[in-house]
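I have placed the structure first, in the form of structure tokens, so that the comments after it can refer back to it.
A, B, C and D label the chains in the order they appear, each numbered from 1.
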């Protein structure tokens, strides 16, 4: 089970700040996102490419998850 | 007769803030500088290329002087 | 030390953090809430962040600039509600000479906008409210 | 309004002169008296100018930058005796976006150094005293 944190526009769209997703051990971020879209119907309006972070750093979809990772999906950044 | 203003290192070298130089009407800045070097022995240590201004603006040696012009010889600029 | 703050930003305290007798050139950038975006009149902005990651990413951005150029970098981003004209971000790069100060300052603000997880919602004069997506704007906007 | 001053420089008053709700990007540069030049320890600097021409040339430099980019430029140069660490010059360019702000700010400080008749004499820790000739230094100095 992985907990995904959501922020800003995406938290509003999905309607919550965190969602728990069941994935098998050794899954990649790309696989987690597929599961997320399947298990959470409210995620449908999200764009096809999603920016993700693991343990407070940007990662690619090929990133392999480890137990205890902090995962986040980030809406388009707009700082500054 | 043209009055030349001197500043900073050049005023120190020459030993004065202004020098009066006799030049014919219609002389250029280049001709004025030649006269300046001839009439003022203390100007000998000045470099061969001198930055000049007329009426508060940079000019080239080919600039033709008009009666009443304010002429200045500027040491290497070092603002900032 | 925190790169994020909920209080109004002023440049002098951050300048004092990076000044030193060896650093003769100090370049800085202030990002200020503009009164219009994409032709719509803006009243105020609400900035929010993934705070833990934003702090970590700001630290990486600063460390990268300080490793690449001989500069000391100061960086602060404000969160919360900002009125038009208020300062949202300040970047300062202090170096021995102006070349490295300008280059590092520019690099840090570009990296912040590209990498640090901060978001803003604009409140428009016409009553609308939108999350800002810089990628959806004209290239030179933002 | 004068571009030259005999008083200590601070950035906030000059920022206030150029800020406006349409100007979301503000780039600035501060030139600070460094503690060494060409390997010699500096105690203080004496700045002097051909004041009337320096004012006129600063006005031209600012006008040229404001004509080339959609920015408002603030510029102040201090004259007189400055201790190490004191600010000698401040350039600020405020524009709608950061591109023009950075470009205009850089352009103005480069033009000032190249064109405005200001001179400085450095007092060294070893008791020496020299007029500074930036052209005689290594290219990236000054």
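We take it that a contact is a pair of C-beta atoms (placed from the backbone, for glycine too) under 8 Å apart; a residue touches a chain by one contact, two chains touch by 3 or more.
All of these numbers come straight from a predicted model, not from anything done at the bench.
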Starting from the Cα centroid of chain D, hunt down the chain whose centroid lies farthest away.
A
Per the centroid of Cα atoms for each chain, what is the distance between chain A and chain C, given in Å?
26
Using mean CA coordinates as chain centres, what's the chain A-chain B distance in Å?
72
Centre-to-centre distance between chain C and chain B (centres being mean Cα positions), rounded to whole Å
49
Show the residues in chain D shared as contacts by 2 or more other chains, in ascending order.
31, 109, 142
Which parts of chain B, given as residue numbers and ranges, touch two or more other chains?
none
I'd like to see which chains touch which, written out pair by pair.
A-C, B-D, C-D
Complex interface listing, chain B residues touching chain D
5, 7-9, 12, 53, 56-58, 72, 74-80
Which residues of chain C touch chain A in the complex?
31, 47-50, 52-54, 56-57, 60, 77, 88-89, 109, 112-121, 131-136, 142
Can you list the residues on chain D that touch chain C in the complex?
10-12, 15, 19-36, 84-85, 96-99, 101-102, 105-106, 109, 140-142
